[in-house]
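Right, one structure below, let's go through it.
Naming follows writing order (A, B and C), and every chain is counted from residue 1.
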Amino acid sequence: MSGPELLLWARGTGLQIAVAIFLFGLLARFVELWLLGRKTDLSVARASAVGPGLRTVVSRSLPMPGALKQTPLVFLGGYVFHLGFLATLLFYVPHIHFLRSILGFGWPGLPPFLIDVIGLVTIATLIALLVQRFTDPVRRFLSRADDYVAWTVTFLPLLSGYVAFHRLGTDYTLMLALHILSVELLLIVIPFTKLMHMFTFALARWYNGAIAGRKGVRV
Amino acid sequence: MADNQTVGETLASRGISRRTFLKFCATMTSLLALPPGMAEVMAETLARTRRQSVIWLSFQECTGCTESLTRSHSPTLESLLFDAISLDYHHTLQAAAGDAAERARVQAMQDNAGKYLVIVDGSIPLKDGGVYSTIAGHSNLDMLKETAAGAAAIIAVGTCATYGGLPHANPNPTGAVAVSDIIKDKPIVNVPGCPPIATVITGVVAHFLTLGTLPELDSLGRPKVFFGDTIHDRCYRRPFYDQGKFAKTFDDEGARSGWCLYELGCKGPTTHNACATVKWNGGTSFPIESGHPCLGCSEPNFWDAGSFYQALSAKTLPLSAHAGAALAVGAAAGVAVGLVSRAKKKAAARQHTRVSADDLEKGGGA
Amino acid sequence: MSTPAERATNAFLEQIDRPTAAFFESCVHCGMCAHACLFYTETGDPQYTPIHKLEPMRRVWEREFTLFGRVKKWLGLSKPLSEAELKTWEPLVYDSCTLCGRCSLTCPVGNDIVYMVRKMREGMVAAGIAPDGLKEASIRAVRVGSPMGVTLQALKAQIAHAEKDVGLKIPLDQEGAEYLLLMSSAEIMQFPEFMGAAAKIFAQAGVSWTLCSTAFEATNSGIQIGSSDIAAQLVQRIVDGAEKLKVKTVISPECGHAYTALRWEGPNLIGRPYPFKVQHILEVLDELRAAGKLQTEGMEEAKLTFHDPCQIVRRGGVVEQPRNLLRMVASNFVEMEDPGIYNWCCGGGGGVSANERAEPLRIKVFSRKKHQLDQLGVSTVVTACSNCRNMLEEGLEHNHMQVSVLSLTEMLAEHLKE
């Protein structure tokens, strides 16, 4: 397939397929998880679980005392990566127009040079986190294929986006097509890997806060 | 009608001065990015050359490509071209009609076998035996194959001839295809555009006339000298793109300040053409300079590549049907496996045998 | 269904619920839980990473309850649990985890890892793969009535001593009393002063209380080994006794897991709510303090600190009460670094203290508590769990540290206005 043909497919049919698989997987996984249910707690609550549950969904983003000092790269790198990824995704004007074509509305973007810097920092951070996953004893011990797959499908859109942005590579049309395809790959992979955490973390944090909260403990 | 005059003889008989002719050759040399010394060579060669036989086939087209070529502001350039070639067949420009015209075509093919140039504009419909575009009872398909057989080279002019163009757009009811989809055994130069820039068409022909070869082509068969860069690469509004200054409507402050037209749908970044440098109407302007986003008209399938007025990054096909179906099927699948999970849990609970102190003592569990 | 692996799998199928699935789904292998876990920080051994302790259960979840996992199972691409695997995990689940819960506090995606370790142990017990010490403790708890084998006879003897000590009656089987006091074996046998202290405090406060001859043991070995069946049996015994004596409140004493077992897990174990309240002794004492019924005099002048028992503070929710009470009788109370719900485990909870095989590891990880105490330079540490008391005393001795360990209840009793 030529660059223009690939780009056309990626923007059209490719996106339809990717979105379909993504939404199918997301819903199937979530409903499957939800239906496992949870037994009602018959003990007498010391306090309502709702407030603490909601609170933890947000507050767990802050580190436990001592945690930052123990694992600075995991924590800070994690934040730089997540925020950088979201910033480049949501505040680069061409991306905003992509989302506008789906949602029907858009929002102001950041200047391209800023997106460029953020993108580069995000890429560097992801690489640093991968190196840490290889070299740090705990992370190396825990890591499985799923971790590396997730890293790769997350890295590719950033890398291909950077390449396209800077008109590196042989043919911009092809680079753009590869970038869009890498995003479609990411979409397809999300429901079947640990990347589901982007949807389930809120539920996990909720339970954490709720379980402790009904005992009167703020976590 | 073919004649045996050289180009130089023809020019002289038309009263075109050598100076004017040299200016033409110098311009062509420059446009083709050939070394300056080639201007003289071009002049000498063209003057001595027998006027090149050219057969122009117009198929499923709107005649815009011919219009582009003939409606130039400076008669010297393009008409000089017509003086340098012998246009033996062209629906719009020829004097003859009907059987006489077809006889002239066949005669030219015989007289210049293996040497004549074929220029094609318009796509070739294939559906239902090619009945959707015929000339003198022959389908475009048949005429193309017949005419191409003895050609030295084929120049496909306009996006219809190069990639199928408008007729090829979804749902392509006539089964329209490009020249290169049919002819596989002759050198083909694609000069796309809807229409192409007149000077570009002229330049390609001039290259062939002077050097006897076709210019270097890219992977889509387009002359690299004209189609090697994208509009975006050469656009004078590029600094605004880089700074993030975009016009959001056709008449807002950004538009009036001449800011980048990306948000209004400009396809410049993925469009290869010479519009941003060579421009139109003898270098007067080009769409972006006039405030309209580039349509991407020299790229394949540009009609199907999303709205002209939605950004390049926007999706091109609807998603709601796919999304809706996916959500429904996903939910159903989730419920199905979820119920299986619940059944598994219930079964496990039923199979639970109470652990007692005796069991622990025996060393095993329940 | 008869192999250990099959029984473990079956137990996991029962145990895995929506929260568990959300937790497994969300884990991104960031490894931050390791840095909250005493056993990793003091040894540097990555195998003690808390989430890793759950791997067998996670595999069952993936294989049985996830879309991809089901497909892999159908294609024969995944393996069921094996007995060897469970045996490998036994020391990870029982020796290097005290159910302290610090891991649950740190996980950035919000995983309640200790919640899952508790479930993991259910599978292990079902397979019969657990430390001998814990098994024996459970057997004794069920058959004799106490994990340490304390009989009613032994209790009665201790009661007699205590009555003589404090000059007060210690009621037994008093129907209609407001409070039923439970005690841990450690309190009965090793720290019998506790009984007397309680008697003095209740007498001053003018509240009625009693012990129960059929339900005097608070410690729940079932919780520690991770068997809901055993745990339910032990809780039922207490519920029966409390209902028989028609008490209003059952008091969980200075014992960590007793509180978790009775207050939070109990009703779910026996399948119904209690007709009585359950409070930790510190909750009761703090209530009395707030009502002005706890009158003390004099202060401990020496600098001292409080060791937060995991099951009472972080896992139990009794956070402020010990501090309120301590401030009544201590003028120089300083908090440890990482106080309250962030405090570090003594190393002996979750059944580790009953697990002989785990002793070297437990002694090793005491270095954290040592560090906390060294930082403050205190000569006294107060706590409210007799297992913590024992672990602290052992650790301090092993490290040749001149720090004394006191019970908060006993300390309050000593300062009661005469």
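Points to keep in mind about this one:
Everything that follows uses one rule, which is that contacts are C-beta pairs under 8 Å (C-beta built on N, C-alpha and C of every residue); 3 or more make two chains touch, one makes a residue touch a chain.
A quick note: this is a predicted structure, and the numbers were derived from the prediction, not measured.
If the chains shown are joined wherever they touch, the resulting network links each chain directly to all the rest.
Compared with chain B, the chain whose C-alpha mean position is the greatest distance off is C. The busiest chain interface, judged by C-beta pairs in contact, is A-C.
The innermost chain, defined by the distance from its C-alpha mean to the mean of all protein C-alpha atoms, is A.
Measuring from the averaged C-alpha position of chain A to that of chain B gives a distance of 39 Å. For this pair, chain B with chain C, the centres built from the Cα atoms lie 76 Å apart.
Inter-chain centre distance (chain A to chain C, centres taken as mean C-alpha positions): 38 Å. Counting partner chains per residue, chain C shows two or more touched chains at residues 16, 65, 67.
Along chain A, residues 25, 28-29, 32-37 each make contact with two or more other chains.
Residue numbers of chain B whose C-beta contacts span two or more other chains: 333, 337, 341, 345. Residues 25, 28-29, 32-39, 41-44, 46, 56-57, 60-61, 63-67, 70-71, 74-75, 78, 133, 136-144, 147, 150, 191-192, 194, 196-197, 200-209, 211-212, 215-219 of chain A touch chain C in their complex.
The residues of chain C lying in touch with chain A in their complex are 16-23, 25-32, 34-36, 40-41, 44, 46-47, 49, 51-52, 65-68, 104-112, 115, 263-268, 271-274, 277-278, 314-317, 319, 338, 341-342. Partner chain B is touched in their complex by these residues of chain A: 2-5, 7-8, 11-13, 15-17, 19-37, 93-95, 97-98, 100-102, 109-113, 167, 172-173, 176.
For chain B in complex with chain C, the residues that touch the partner chain are 333, 337, 341, 344-345, 347-349, 351-352, 354-357, 359-366. Remark: chain B residues 219-220, 230, 232-233, 241-244, 246, 262-263, 269-270, 299-301, 304-306, 310-317, 319, 322-323, 325-327, 329-331, 333-335, 337-339, 341-342, 345 touch chain A in the complex.
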